[in-house]
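Both of the next two complexes hold chain A, though its partner changes from chain B to chain C.
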Partner chain A sequence: MREFQALPAQPAPVDTVGPIGWMKTNLFSTPINAVVSISIFAFLVYVLPDTIDWLFFSANWVGSTQDVCSAEGAGDGACWVFVSAWMQQFIYGSYPDPELWRVNAALVALGLVIAAPYLLPKHFRNTVGVPLFLLFPFIGAAFLDGRIFGLEYVSTDFWGGFSLNIFLAAASIIIAFPLSFLWALGRRSDMPFVRSVCVILIEFFRGVPVLALFFMGSVMLPLFFPEGVTIDKLLRVWIVLILFMSGYMAEVFRGGFQAIPQGQYEAADSLGLSYWQKTLLIIFPQVIKVSMPNILATFVMLFKNTTFLLIIGIFEILNTTQTALTNSNWLEGHAAEGYIFVGLVFWCCCFGMSMISSNIEKKLDTSHRS
Partner chain B sequence: MLKLSSIIAAGLAVGLSFSATAGTLEDVKKRGMLSCGVSSGLAGFSQKDEKGAWSGLDVDVCRAVAAAVLGDESKVQYKPLTAKERFTALQSGEVDLLSRNTTWTHTRDTSLGLNFAGVNYYDGQGFMVSKKLGVKSAMELDGASACIQAGTTTELNMADYFRANGMKYTAVTFDTSDLTRQGFESGRCDVLTSDQSQLYAIRIGLKDPSSAMVLPEVISKEPLGPVVSQGDDAWFNIVRWSMFALIEAEFLGVNSANVDKMKAEGKPGQKRLLGTEGDAGEKLGLSADWAYNIVKQVGNYGESFERNVGMGSPLKIARGLNAQWNQGGILYSPPVR
Partner chain C sequence: MSVEQQGQPLSAEDDVIIIKELNKWYGSFHVLKDINLNVKRGEKIVICGPSGSGKSTMIRCINRLEEFQRGSLIVNGVEMIEDVKNIEAIRREVGMVFQHFNLFPHLTILENLTLGPIWVQKKPKEEAEATAMKYLERVKIPDQANKFPGQLSGGQQQRVAIARSLCMSPQIMLFDEPTSALDPEMIKEVLDVMVELADEGMTMLCVTHEMGFAKKVADRVIFMDGGEIVEQNTPHEFFDNPETDRLQLFLSQILEH
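After this line comes the complex of A and B, so read on.
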């Protein structure tokens, strides 16, 4: 009896594997796709060489004044000297040189506070990690200010640059977190007064554009104070950001509450837990898990919104760039370089944050999906 | 819990400040700092450098007042303000003095509860044309197309001027001054119009600045000057005379280099200004060497002008209207006596 012998496997046809196969299925699968692919390719060929040349090869990298870029024999590409000369302003604002370590220390501390839940042993998380997290904005602000710690006083007029964007966004979201949770609870409350107050707050801060809120904080608010009382502009802006963020996050949390099955509430009730025990021990952890993707998305939005502060004259990174462009020693048109740099910085940060957020989502994912 | 609330309270206290309302002069002296509202960026007038240091013609007014009141031009807290919030900041007491290229107009002076202490720069709307056009005067611009930044008074002034002179023009409007410049450079229009001080800044941004020229005509009045809150006449006098001291020092030939010599052995007028004779400082509630400090630390008006916007700066603006009255300009300080 003849034994069955399989023929040796043939290699797949050339046009279904490898780069050709990939192109065939992804770029040229239908006539329309083919046309679109070819036109995009043609566009890139048309645009890319000049762009890359402008960005890198003809660019001027070394120097400290714009004369380097306009001198005889200098490249006619981007003038990155503009960015490097202004780098300290872009990152730290006018924070005095000898005190820069404080900004760096605060940035590191912010990183540690965020990483604390991962680093600390489990039983320290709630007793050390969470309070540190919630107190960070106040301690950080006092540290940068310096008076309470006996360091040299640096007024908020000198704070600025990209570090200010980071601090403002972080400090706002940290405080908005518990505040918005309370608002969301209030909105679901049976007590009519609490409920209506929370609904009004949430709808007001969600319904009014953030630019209008900034204007209110910077232009109108000071008129309501008695004469002689002034509240620091940055503090006013910080409060506006917190309230704005709380409005949005409260709705995120409300969505989370609605996703929790009614059975969870009833089970907690039947165990005899009080309202706060039920909320904090049973409901809150599940709400956090469900809402995490939206919370992080909201945070990225807030982080980018901090650039709006330029319209009220706070020296965050975008305003610093525009200021640099009006300096009479840098008038020869460096807008493109400046804005590309700011865009790149924000893209890196936002991309990094979405990486972290998908990581957190995986970590929290104990879902019952199959 | 007590600890928590006290830390939060401390955090809030960092940003909250109360000031007595005895008078701006006393407040400034007690604080040891002058709070001065400036523009967050206007070439030559108020600008930050790479080190975060402020300079400019408007900034020099802040420095002069600080030198007069506190004896040290560096004791200034600069508060960058946008055009919209500048008057509120003054009314609420956030700044003691506003020196932010603010045009002195009737409405602002009479209805906003503030006082203009004088004029430190006479600006006005002007024209920039390409040299190739061969135009020497704005009266030859009939039928020209003009690049204008949209939504500014510039547009209205332009319309008024051309109508008054029976000329026609085509407006090409742009959103920002950067786009306006690019429009001019690419030949979309024959003439670019804006405030004169801005024309010089725009001209630098051209690929070949020497290919364009600013015409001599000025078609609107834009007197820019420092502003204080109404109702504190002592403070108003200090700001006004600090500015006059800058102008008078130039008129009397006193500058930062020769001020020490002039103080000791100058003419009577110079000595009166610098405090060796008379009691000009005392009458303002300041020390006798108030004007000496201004000239020594900031310079006179001419020095300030040349350093920030004139020939010593990239802007290279001619003195024009902003020269002394005996030099063909209209700068005029009442005598110090």
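After this line comes the complex of A and C, so read on.
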């Protein structure tokens, strides 16, 4: 790559530097700007001290029952004891205590599988990394279930909490990856039948609201199976999430396909590569690369949408929180604390992901393009 | 590989490309009109003509990047028919170099060169890499093997593209304006490689307006206009005694520059 020689920096004019300069240009550049800035500032002064006091200084942090918060002399701020007392349920649902290590192990394994492309030497990426990635949802589910591995059986009724949100979102996007790529390919196909099937699938799963899809999954899907066959509720939800995600990702991939110049196809053709060789070796890696930021954005959406599952009775984190709020030992109204906690957890995860995504974008921007 | 092994008809044992009455339409637009062209093994042909005359379309028919509606085309003894096996067989024998290089940006130079041999010819990786390095030496950039295409200059990229085609040991090489996207100072380094290739006896069809190159290596220069082959001749006759008015006009236009 070319080397750039940076010019030596020059000191900026005095009144554009420092906090005063910054405020001049950003907050008080015009009279309207100044009015808006001052009103926002006044509002913050009015609200912030109480909020901060409630959140931190008068909050109750230690203890294990709500009596700590209502006791004589307790702070009148937030009751974080509620969150810490229920922490295990918020994260693991009602997964049995002695088996919790399995959830932790699965979370770590998920992290490793996702990081594998960066950790593994290039040579093993396709031969080891990709199969591991695609098999993870199945192995992970079997591991949490336990029967195949000779571990104690934990029915999906006990799975729950934030770990379930993570697993569902991850397991869905992993399977949606190849599926949506096939749909996107099909949408570009010359074969009218393949093309129309793919268009219908994509538009259906993109067009129907995800809540309606969840209801269809939990109410209608069983109708399609023969009498007596029951499909696990979580499995149905997983299928719905995969299809929903695939609809969106197929559109993301479609955009990616359009970014690939015609010359790439022609060069691959002129070398005599077959259709699948061309698609998998030349087109797929480039499509993934340009689509990566959008894929992550879609994933963030899916991840947040997993909280809708509370409506059909899946004990993901939001449902767990509501259950905790109606627990007879905690009836003094800790909704604010509970929802702030859930919000914070999601915000941290989603913010982390958008950091990663902008990082990737920057990387793509500077790397080898031709 | 000898001609007999290719199982060519005896009557045309020297002709690696036989184009008969080839016609192509884009919708109602008649791009190629009754093209007839035979190319002998080892022959070097330069094709020129005004923009939009169908030069690219014609040579792209030879490796089926474009399909045609009427006529016949036999490449290296294999008739071009609507059949994936046939098309792939022909493409293995025909290398192509594009105006915009079309290297694969996500692969290193070495990977660009070994992709075809490994996946199409099923060669072992080591052998493919050895061959690739040999051709990189020939186009004089072995030191760039592990870089990515975006890190190379245009002239270097085009030489890599030529090497990539050569790695497939093609019988025929097609060039579609290989130097017209290059800065002037890089044109020579690419033309040098092409001249060398011509000297080694490669069968070449080259669309170019580099008349110096045509005079130096071409056995025959073809002038296309309006989808037809208007005139063809040895370079000497072609440039010094153009027969048709259209060619005279064309030559006067390009020589003005």
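To be clear about the criterion, the second predicted complex is superposed on the first by the 343 of 370 C-alpha atoms of A that agree within 3 Å, B and C clash if a C-alpha of one lies under 4 Å from a C-alpha of the other, contacts with A are read in each partner's own complex, and residues count from 1 in each chain.
In this section, a residue touches a chain if its C-beta (ideal position, glycine included) is under 8 Å from a C-beta of that chain, and two chains touch if they have at least 3 such contacts.
As the structure is a computational prediction, the values presented were derived from the model and not from experiment.
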- request: Have a look at where A:354 lands relative to chain B and chain C in the superposition and call it first, second, both or neither.
  value: neither
Task: Would you sort A:155 into first (chain B), second (chain C), both or neither based on which partner it touches?
output: first
Message: Applying the document's definition of touch, where does A:39 land relative to chain B and chain C: first, second, both, or neither?
response: neither
Field: Which superposed partner A:233 touches (first chain B, second chain C, both, neither)
entry: first
Message: In the overlaid three-chain picture, which partner chain does A:281 touch, first (chain B) or second (chain C), both, or neither?
response: second
Query: Touching A:51, do we find chain B (first), chain C (second), both, or neither?
result: neither
Message: So in the superposed three-chain picture, is A:126 touching just chain B, just chain C, both, or none of them (first/second/both/neither)?
response: neither
- request: Provide the residue numbers of chain C that touch chain A in the complex, in ascending order.
  value: 63-65, 84, 88, 91-92, 94-96, 98, 100-106, 115-116, 119-120, 148-151, 157, 161, 164-165, 168
- request: Spell out the residues on chain A that touch chain C in their complex, using ranges where they run on.
  value: 1, 261, 263-264, 266-274, 277, 281-282, 285-286, 289, 367-370
- request: Provide the residue numbers of chain B that touch chain A in the complex, in ascending order.
  value: 4, 7-8, 10-12, 14-21, 40-44, 47-52, 77-82, 84-85, 88-89, 91-94, 178, 181, 201, 204-205, 308-309, 313-315
Query: chain B touches which residues of chain A in the complex?
result: 85-86, 88-89, 93-95, 131, 135, 137-139, 141-142, 145, 147-148, 155-158, 215, 218-220, 222-223, 225, 227-235, 311-313, 315, 319, 322-329, 331-333, 335
